[in-house]
């Protein structure tokens, strides 16, 4: 049944940036469906339009062509049903502390009252390991810590669909694995849908159940694949995706 | 139930019936044609900023005309048409252009000097802590002082005439610009400042090459405010400060005609100020904005 | 008839009759005698222009000021509001004072001089100076001194001239500034407005809209009564008048100085307008006003028509 | 040579004699004691902002006194000591506090209304394009207009007295604040705005919860400029508008004493404006800054 | 000989952030020496003070305790001899195009005249694959593209010591590998010194010849190791470093 009604349909979407002097096409006629409960990965080279695509789903950019529908309704504006974790470090509100940043998101979107929000916020701040910085303002955090706050905020919102743009890029190996595990644990608990941008193939396979491969600038769909949890098949899949993406590149094992 | 979920966690099963995988052929990157949504005529027109502004101006003029007529008190508040008529008469007989020219000259000099002084003060403020304190203290002390407070010093230092006017103009321009510039400088992101210092830029070069472009929106706001207050002050100051006969500017023209109760001409003088304001905003400041802030994508 | 009259005055000894009316409640008294319950509201302006605007916008009933503003507004409102004078307050001379010993007459002014006056071209001092130039320097010479004039408020002008630090070295002022300046040994008088006009002339007057006078005959009568009484009081009790004025007004003049100003033999406290016509004639000739008249009564309400004005 | 380098590339040899590897024991995280460099007494004192400012004030006062004495012209420019003496006399006899109080009331009302109007205009400007054009057009038209231009309308609408003064004050405050606020709003980073909209914030809530705090430095600058110009305008306007007897403010006091040639008292009036400016800047604005901008680390 | 005179000596450096309300110690008594020609890696968990340490070397932060010397002279202020590539995305000058950003760096630091600078700039812009965006302003670039411009700028400056703070974090696998290779190639050509922050152990081993391991907040030196180019030893070293860093964590293979 859930296969009949996708949560999010993206139909032939072309996204462009118009500036007085330039017209930049970020993605060209991209189509895909995201089902309820999917952990949907956008994978592609730098500048291929992953962030742009996410922002369009977020409701910030109107497609030049094509349309996007969430639960059948056309996406026209942003809203708390699609919670975003941006790639940029300046996505925290500098006038709120770490905890307040999370609390405020919960309250502003009208999810819960102050007390509930504070409890929930603290719970997630602990999850990302920032309990000792709960009362610090964002300017006192390192790059990776800022990103973790944003992740905590996104997850605490428990939205219909969570849009995460390279959330773990600024994290060290260990913290990153912890965050990945937290995300999967949360998914197991609440079965939210997540649209996840990453540039790491391994992460894509670990996190996702469905992977969208995009070609370089402007981004077009190369393939849409199922992921796997079987370690053996995962290595195979990683090789395969690697070949698909970098087909024209001199062969060399991905090492990092 | 939560037990079951916990069970699932470690397995994360594939969907019961696996979804088909999708593959696309490589599309050639060069012939990307896009079918754009068409805009309605209204939308196309509405997108033109000058049309929208023209509309606003027309609406304001109509309101003025109607209110002026309903008031029917030409000695207090003439209609728009009467003002326009007086305006053209004054343009024709040369009195208005002469006055505007005379004011304009003084204004530009005062404005220029004010900018220079503000630049100096702000540079000092960026250079040292005591400079910052100096700027803050001077601004909070002198900015609230009206022009008449400066009259005695102006008379002693510069005597009558344009030099004193310029002194007063500098006073009205400097603080506003300095405040905005300084606050703009402080708001420049730490990273950007570090980048500039990393290039080995220091002192004036650092300010010119990094701080000024980075704080440009704030500076431009300061310049706009300074510009407006320069006009206000000039017009008021031409009354307070002696104007030698025959050399009066717009302020004088307004004052003289007010004394003679030639109110439409007073409003023609004010209209000139308004028109100059509109022209400067839309031709000069807008152009600067288009060439800088908009290109750089620093305003949203 | 109105129940509240809004009157306005300016600074200076010239408004002494109004000060007395305010301080002694003369208007209320005369209204009561006529059976009216009347209250007053006194405002203060720093110039005739603001006063006229207040009058035109119905924020003021009785305005007061110099001859210039009255003639201007009279000329402008002939076809609508018909603003006219109610009465004069006094006749008083205006002096052109200079600190330059070289200057003995208007002919001695040259480009090294700056003459301060309240508003070049339009103030009564500027007009008088032009009339003086025409009279003393010859026909067509009325603008000869304009190039040396500078507009400046009385206090600023006095400070600038007496302070000696600026290029202002002459001031066409008004009482009491001119008297204070003349007390200084370095200053002397170059021109006397009485000489220019060929006799005494009114300095300050009060005026109003036609509507007000027509609709409020009793108030007008009370006002005239109050004015007459205050003028009589000044003439009879200059010492007492000086005391009241000093108390009501912020002033740095001593009592003696005030009495001297009031009792100056060239000052005539009277409601009779004097020397109006020469001004009208000159102002219309030089284009400052667009209408003219041969009869000074055209410029005033009937309140003073029976006097011996000019 | 470059051949040799190309050779090396694929090998990247270890240094000839390998450097020793270094290992440290785990240090307990809690007893981290730090030996700080000590500061000299001068440095300690120099770090106190209020001391530096006091120094500046004293220097200014001394310059004033010396210049005033050397000028020796009490009519034009009294000395600092004469001004201070007049100031205390006027404070004692109550005239100065009364005038300051009377001006202050009007000022605060005008300032408050000006802020409210600026907020409304800016909110409209953020809501739609035509709102932006409206704000831009109105600002460029009206901001340069001096207060006397508004006199007729003020008289018609509000009559004489405080209401008109407030009207003029609003005019002098609104545009500067609106310009700064609007430019501040536009400078808020795209990401921050997206975050706010993501929370479902819209309209007034979006402005209040996201734009205003994010643009706070700009807004504060606008408030400072508006504050200063409110004073200037008030003092000038009290002369233009006249006063009902006995109710004059500082502007009136200055004018009256100028008429009486009591110049030290005139300067005492101006000194009051300066003192109020210093107090407001250092107590109110600085406190606001400390509680907001400094805490948030948005200025560097 | 070069072992006798380190290019950069860091001696017992404690770095602290003082705010009116907090005192945060970022690193505590960190010491290490960087030799001429070193590719020196700072490795450690998020928030351990890597960026702070780099900024201190850059001359932006004065140590509370200890001192840093470059070529024997105490570091007191920033300068073009230590070129930084920051972690933040807003390190490009928005009022300059991609090419101008690089050119300006070369000119402002007085390295070369306009023509030379432009040639060199273009060369490096091509190296990072942004030739088609050479005349775009930074706001028209994606996150990864911005970082690449910063990398181009840093490398073009050919400084005595290049300070790079997670420069490749925002890049996809392929672009990342290309950048790593470019960096190594450049090093082979000019033998500059680089101080490189990363959170990927594999990257550390690939890029570096000497690796400094930092403990979590506040950062203290755990170990200073030599890297290796031998693939077999590399895997071993990776395991070893992993263990050192995450000693107290539940054992699990680093997968991403």
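The letters A, B, C, D and E name the chains in turn, as written, and every chain counts its residues from 1.
Everything that follows uses one rule, which is that a residue touches a chain if its C-beta (ideal position, glycine included) is under 8 Å from a C-beta of that chain, and two chains touch if they have at least 3 such contacts.
Being a predicted model, the structure only gives us computed values, none of them experimental.
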item	value
Co-neighbours of subunit E and subunit B - touch as defined	A, D
By number of C-beta contact pairs, the top two chains	B-D
Inter-chain centre distance, subunit B versus subunit C - centres from mean C-alpha coordinates, in Å	44
For subunit D paired with subunit E, centre-to-centre distance based on mean C-alpha positions, whole Å	40
Distance between chain centroids, defined by C-alpha means - subunit A, subunit E (Å)	27
Touching two or more other chains - residue numbers and ranges from subunit C	53, 56-57, 156, 159-160, 163, 165
For subunit D, residues that touch 2 or more chains besides their own	71, 73, 76, 152, 155-156, 189, 263, 295, 297-298
Residue list for subunit A, restricted to those that touch at least two other chains	19, 88, 90, 140
Chains grouped in pairs wherever the two touch, ordered by label	A-B, A-D, A-E, B-C, B-D, B-E, C-D, D-E
Complex contact set, residues of subunit A against subunit D	55, 58-60, 77-80, 82-84, 86, 88, 90-91, 93-95, 104-105, 108-110, 137-140
Residues of subunit E touching subunit A in the complex	17, 19, 22, 24, 43-47, 49, 51-52, 87-90, 136, 140-145, 148, 166, 169-177, 180, 199-203, 206, 242, 245-246, 249, 252, 254-256
Footprint of subunit A on subunit D - complex, ascending	189, 191-192, 194-195, 197-201, 205, 209-210, 213-214, 216, 292, 295-298
Sites on subunit D touched by subunit C in the complex	71, 73, 75-76, 151-152, 155-156, 159-160, 239-245, 255-263
Of all residues in subunit D, those that touch subunit E in their complex	2, 5-6, 8-9, 11-12, 14-15, 17-19, 21-24, 26-27, 29, 32, 34-37, 290, 294-295, 297
